[in-house]
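To keep things simple, chains are lettered A, B, C, D and E as they appear, and every chain counts its residues starting from 1.
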Amino acid sequence: MSDFQPKIVAFVCTWCTYAGADLAGTSRIKYEPNVKIIRFPCTGRIDYMFLIKAFANGADGVIVSGCHPNDCHYVSGNFHARRRWIVFRELVDFLGMDVNRLCFSWVSAAEGAQWAKIVNSFTEEIRQLGPYKAYMELVKKDKNESVF
Amino acid sequence: MEKPRIGVYVCWCGTNIAKMVDVEAVAEEIKNVPNVVVSRNYKYMCSDPGQDMIINDIKEFKLNRIVVSACSPRIHEITFRKTLKKAELNPYLFQMANIREHDSWVHTDRAEATKKAKALVTAAINRINYHEPLKELSVDINPATLIIGGGISGITAALEIADADKKVYMIEKSNKLGGYTADIDLTYPHLSSVQQMLGPMIERMKKNKNIDLFLETEIKEITGYIGNFETIITPKNDNETKLSFGNIVVSIGLRSWDPSPLENYGYGKFPDVITSVEFEKMLLSGNIAKKDGSIPKNIAIIHCVGSRNKNYHEYCSRTCCTVALKYANQLRSAFPNASIYELFADMRTMSKGCEELYTITSRKKVVFMMFDQENDLPGIRKANINDNCEMIIELNEKRSRKFVEVPADMVILMVAMEGREMVKEVAQITGVSLDGNKLFIEKHPKLDPVATTTSGVYTVGSCQGPKSIPDSVSQARAAVARILGTIARGTAQVAGTTAHININICCGCQMCISVCPYSAISFDAEKNVSVINEILCQGCGTCVALCRPNAIDIWGCSNRQMTAELTALLLSD
Amino acid sequence: MDSIRKRARELLEKNTVKVVIGYGVGSDNTVRAIFVRRPEGVEELIFDETCVQNLAVYLLKNEIKQIGKLCIIANISALRTILQLASEHQIHEEELLCLSVTPNGELLEFTGFKDIENYISSCNRDLPDKESEMIKKLEKMSVDERWQFWMNHLSRCIKCYACRSACPMCYCTRCQVEYNQPQWITVEATLMGNFEWQITRTMHLAGRCVNCGECARACPEDIPINLLNYKTVLTVKEKYNISAGTNANIDSVMSSFESDDKENFIR
Amino acid sequence: MIERVDATLVNEIEKFGKGGWNDCFHCGKCTAICPLTEQEFLFPRKSYNDIQMGLKDTLVSSFEPWLCYYCGDCSKKCPRNANPGETMMILRRYLISVYDWTGLAGLFYSSLPALIFALILVAISIIGIGFIKQFNTESIMDFGHHFEKFAILGVASLILFPNIIRMFWYTVIKGKIKAPFYAYIKGIWDLILHMFTQKNTLKCEDNTFRWFEHFIIVIGYLLLLFTTIFLNWFSTENAFIIWLGYIVAGVIFIFTFDFVLGRIKKNKEINKFSHPTDWMFVIWLFLLALTAFIVRVFIDTDLINNNLWLYIVHLIILAQWAILIVPFGKWTHFLYRSFAIYFAQIKKSALIKNIAAN
Amino acid sequence: MNIENKLLKLSSLEGLVLKLNQDGKQVFAPVKKDNIVNFAPVSAFHEMTQDYIVTARSAKFVVFPRVETILEMQFSKDNITLKDKDLSSIPDAVLLGTRPCDAAGFKVLTSIFEGDYIDNIYVTRLKKTTIISISCNNYDAKCFCTSVNVHPGGTAGSDILLTRIDNDNFLAEIVTEKGKEIVNKFDTLFDIAPDVNKDSLVANVPVEFDLSAILGKIYPRFESDIWVEQSLRCIGCGTCAYVCPTCGCFDIQDVSDGHNGQRKRSWDSCGFDLFTLHSSGHNPRNTQSKRWRQRILHKFVYVPEQDNILGCVGCGRCSRACSVDMNLKEHLINLIGELTK
């Protein structure tokens, strides 16, 4: 299972986690290449539908990360985001999705090493979990099933 | 929207990217992505030839969209947007893919890094298909300035702006000007009097017609945006006044740390263990004496009280070493044959003239002893009768690696500087964020330490980090230069990436109104729809993700763009 | 029963309300909504424990609003729906008059939302036992079992969106499913399309659903989609101690926040 | 054990010379370049630290100052020219005054008038004796001879020996050095070797000539002493002894003259700061040898009888040398250095023992 | 051609199902799941349930699937390639257990899909589908087929009509050529016709109202208040159109991820308020009453006028599926009451 290369997408806010990832870059901290970052103005902007779309497009894991509470550049964006994450996570867990494939975190602009740590540990967790077969079948069905 | 004609430029960034990412292969493969007209790779895209190449391509191939995959957009997005403006192309028809900080610098496997680069560039391309040309809103600037905090940096800023004949409103919480500096007797390293320096400045402040001074006033709430801020203040025993101004200077400074949590120093328990602030008051009053009025024979000064220690403040408060040397000099001149001991962790005498002060002080028979401020602090205990001194400081002296006792009749603690008690509220009010140590976060630690990420708000002086007087004053002047520049221009550009509402979908549930941190959304009663004030909107997008029927979308980060980027990113490998 | 009819007749005769929305006998002795506009029509009004349909769904229909001032005979779900709609600025106090019957048969007339709030705060708002049992059973299942449970049920969904039409809180002029730029939810009723649709529907009702159960009743395929909403009701209650439809002028759960919301999964 | 810091100790040490403890900021360069420091005996920086902090107990029980042979390299290289070499010299003077149980050493070191008064006192007492002996040459010379014997014996037993014991008590006992007994025996060979050869001086660079000069003087001085006392140089007839005396006195006279010259020119680090006692020690040795040489010449040329004043002068110098300089002056470094090396060996073996123990 | 009668034993019917499956035909029959009866592929006769009036959803999905890709697109650098539906990929199907009203429903669908524009996807599907109906021996309050000229034993629309004689024999009426083919192919399973009186075996559904009172008489009442009266409680959920055997309205949408896309046709309903929303924002039928009126008029006025076939077969599915009890029969009776006033 160890040669499985998980596909992970990370939704991050530009003021904190994106800057943290930049810092990890400037300090040349090495981490797994499986995570690809998409930049949002704020975690408040990240709609839960993006997470669902990510899985629908074949992601094996999704990271959502932004500023620590009280650090948000837009004052309350991360608070609203946290509210949604709590309800969304309970719902999809209830629906039977594997919530271990969702990683929510706070990473500030100064925590380059913390970002690398999260990426490495999450990639390893997803590598243990393997590809998200259940959702893959869902997607395959969607593509070519003629519906009666 | 005309058919997208995209130009893609993959940058080498010298070897920074090219070493780990096969840039040619990326540029080659990008050629056959739909709508891509030009796909080049070049050594330094941010260089002038690199930018000229873009401008020529735009003219030659009539490109209407540019994707540059190089470093982080936080660094060069502005540069390339200016390039597009030069080529008369709307600057928002531009997207960067970060293949340096997020790819070449952080990965070790060249094949993986190249594959990731392709994915990131394809994603950026797929996204830019849905970019719309946006107009930058320009906002006219109210020439007045609000200064919060009347310390040395606040006063300098006020005088500087007033001299440029612009209006200044100064808000000061306490009933006197000068802040922390006013309680200082002499400055270091030249031991010149502060009162002579500060006195005339405060006089000029009071007499200056351009400066409205509001003492004993606290700031409650600031509404508006760069160029058009407003606040209502209630000075003590005075009625409410409404102020409108264009820029804000936050100079609330820091306060001295109360050392009582450090039990081993016994501050509060021993009467003669005093903080540097209290000692400064003694110097100002002219008589240095113990609480019982007698002259101290043994005086100890302890550095790094509360600074550079994980349990209290991890940062160095920067000025206390040189201030301690100043005290040693003043003590030696006051008591020629007293024993003066100076317990320090590291002697940090950075700015001009301070090393010389240290050399002079060391020639004045001051005993310097070194301790470890992180995990082995000295302790103070009551001396027993035959010690002919008040207290004994037990110290594990690092240089001689010996346990020694230092006799002391008076101990001066060089306490750390920390955030003022109302710093959280001021941060919330001005929309600037604080770091873990309750210090204001500057826009860029190196290139822009005076401004903040909230345009129009500047943090100067030690509230942005412990500082000496010369540093605070130079920061104040730097902020004023920026403000006068903005006022001179008369207008400020506000990003066009704001939210917009489709009124025939909005069903008037007003959930977006309660979410908006900048109250940029108001309710139009008779049309029963929400309306967005484009200038107030900072483009955070919280309302977009909240609106159930997707009536709100945001320029520059629309749902179509983000889903396009997401699908391309995941489907590309 | 007759106290309602008497009161309804008075209202209609004095023309204080233009129409009384209540329950009447339907075909094959089922119960259905009736709209009484003439005083003599009140005889058809009935009210007993079988009247479960949430009549508040009609309050936002233009055609019904145009009739004029409404009187609604509301059960607890309808009352809570009215409060929630009020908190979302969809209905205003002067537009309607609410009548209700307490479990022991005594007629209630509410002058304003405040009255309704006090009455609701005293009522029992727990989930019906059948559903809460089912939720507990589901929670005990393993993740895969739960996944299989929902896949079996959702495979029957034909995307007729009856659940959306039946739900009083789904009053959006244009629902997110009708978007194809970007195509949030796939058009056809494939398993993935249904799965995404149910997530969106439940998330949009988070903190707003008053667990009236209309969606499950409206589903032609009898898919227990109300379990999803009830589970979210439980989550919102447990995490934020808020239940929908109890206060007419507070922000809904999703558009407000506490600085110390509790969670244990953010790294 | 915890020591008391005392800022006033510096004022005390200042009496023995102007050291650089105010300038030293503990960069440690002097210790780094000094060829004589060892792992267990680090100086001069540590000594500076002890002075600055006024740790009297540590200073007193340290014999590091004796291990320094004042090559002066450290003073040359010190970034803050706190001349550590001179400070070590000052510490030696201070230690001498500490070891001396009579306290006179401290007095002479710290106040020049007291020293001059003592010299004059001795001179007058010699002249007094002369009157008592009515300037009879034989009786005076006889008295001189006996005096020399008794002085050496007295000074050695009354002053020098007890001071060595005190030094032992301060450094080893108070310094809590617990060494095995055999270490004391093994060390004695080092004591003698270093006493007579000052071998460590060779460890300093380009210092061999100065070592040679110093070595010759030491040997010369001991021989001169031996010849004058035991071989009774002044009153002997044996030609060999006479010539031996001449040669030895001549040699001492020449080399000490060179030392005096060095101190006047101040060209080397060692000569830059000459404390009065340094001057006295060198000049008196020079005069001793000179006067002894001339007295012998006068004896051979029979001029002595009517030039008895010359012998008086020699006797005065001899008395001042024997009574003042030897017990309380710089001469004692001859003993203390060697004993310090001896105690250093003991301490080293003590350290090795308790390292092995735990 | 004239109808030929045969006898089909229950055992041979079971054999027929197996043989049809072996013959590569996909057999659909009513199956009960979570006590709802719907058509589903069956491989053996025992999977089929017998105790049902009509299935919850009609069988139209065999010829008019809920969602169907009718066109595929491929975007490359600078051109788009289109690919029509591969008609050969449509499997042969056999519908077993439809009721005469369902079978009649196909007639109405055919009138729509083979009206002015021939939809060859529908035509191919219908051609490849054999309909073996079973006449009703039971009915419930929602049935009113007889009131709309559909007979519980009617053969219209079916290829073969089975009528249960006793619990192990069926009367098989071979109606069309397709039916003839099946019989010829598996003639061993069919025996000579028993002489029974079919009418006695079939349920007789009472006529609830006089159709002629409606046909051609509704139009003057276009603006009357009856439509509002009837439709106040309708919540516009569209379930009635989804379950109705004769509703053929559909919506077309393109779905693409930038590289390749599909044009999808899916069921739609005049009950949705979005059905007639113009891009300008104007909606000719913006209230539920207008939409309800359209449902009645389309089935009882417009289809009869254009294709002189009645748009409703009286199966009662819409009334059964409606969550707010919009009972069509009751409404028609009520309407007649209004018309004759």
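We take it that contacts are C-beta pairs under 8 Å (C-beta built on N, C-alpha and C of every residue); 3 or more make two chains touch, one makes a residue touch a chain.
Bear in mind the structure is a predicted one, so any value in this text is a computation, not a measurement.
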item	value
Both-way neighbours, i.e. chains that touch subunit D and touch subunit A	B
Contacts common to subunit D and subunit E (chain labels)	B
From subunit D, the most remote chain by mean C-alpha position	E
Contact-richer chain pair [B-D vs C-E]	C-E
Centre-to-centre distance between subunit C and subunit B (centres being mean Cα positions), rounded to whole Å	49
Distance between chain centroids, defined by C-alpha means - subunit A, subunit C (Å)	33
Separation of subunit A from subunit B, taking each centre as the mean of its C-alpha atoms, in whole Å	29
Touching two or more other chains - residue numbers and ranges from subunit A	48, 53, 70, 76, 80, 84, 147
Touching two or more other chains - residues of subunit B	504, 515, 546, 559, 563-564, 567, 571
Residues of subunit D whose C-beta touches two or more other chains	none
Residues of subunit D that touch subunit B when the two form their complex	1-8, 10, 22-23, 25-26, 46, 49-50, 52-55, 58, 80
Footprint of subunit E on subunit B - complex, ascending	32, 34, 126, 129, 504, 564, 567-568, 571
Sites on subunit B touched by subunit A in the complex	72-74, 98, 100-103, 105-109, 112-113, 115-116, 119-120, 123, 428, 431, 433-436, 441, 453-454, 497, 515, 517-518, 538-542, 544-546, 554, 557, 559, 562-563, 565-567, 569-571, 573
Residues on subunit C engaged by subunit A in the complex (per definition of touch)	135, 138-139, 143-151, 176, 184, 186, 188-193, 195-196, 198-200, 202-203, 206-207, 227-228, 231-232, 235-236, 239-240, 253-259, 261, 263, 265-267
Complex contact set, residues of subunit A against subunit B	5, 7, 9, 14-15, 18-19, 21-22, 24-26, 28-31, 33, 36-42, 44-48, 50, 53-54, 57-59, 67, 70-77, 80-81, 84, 109-110, 116
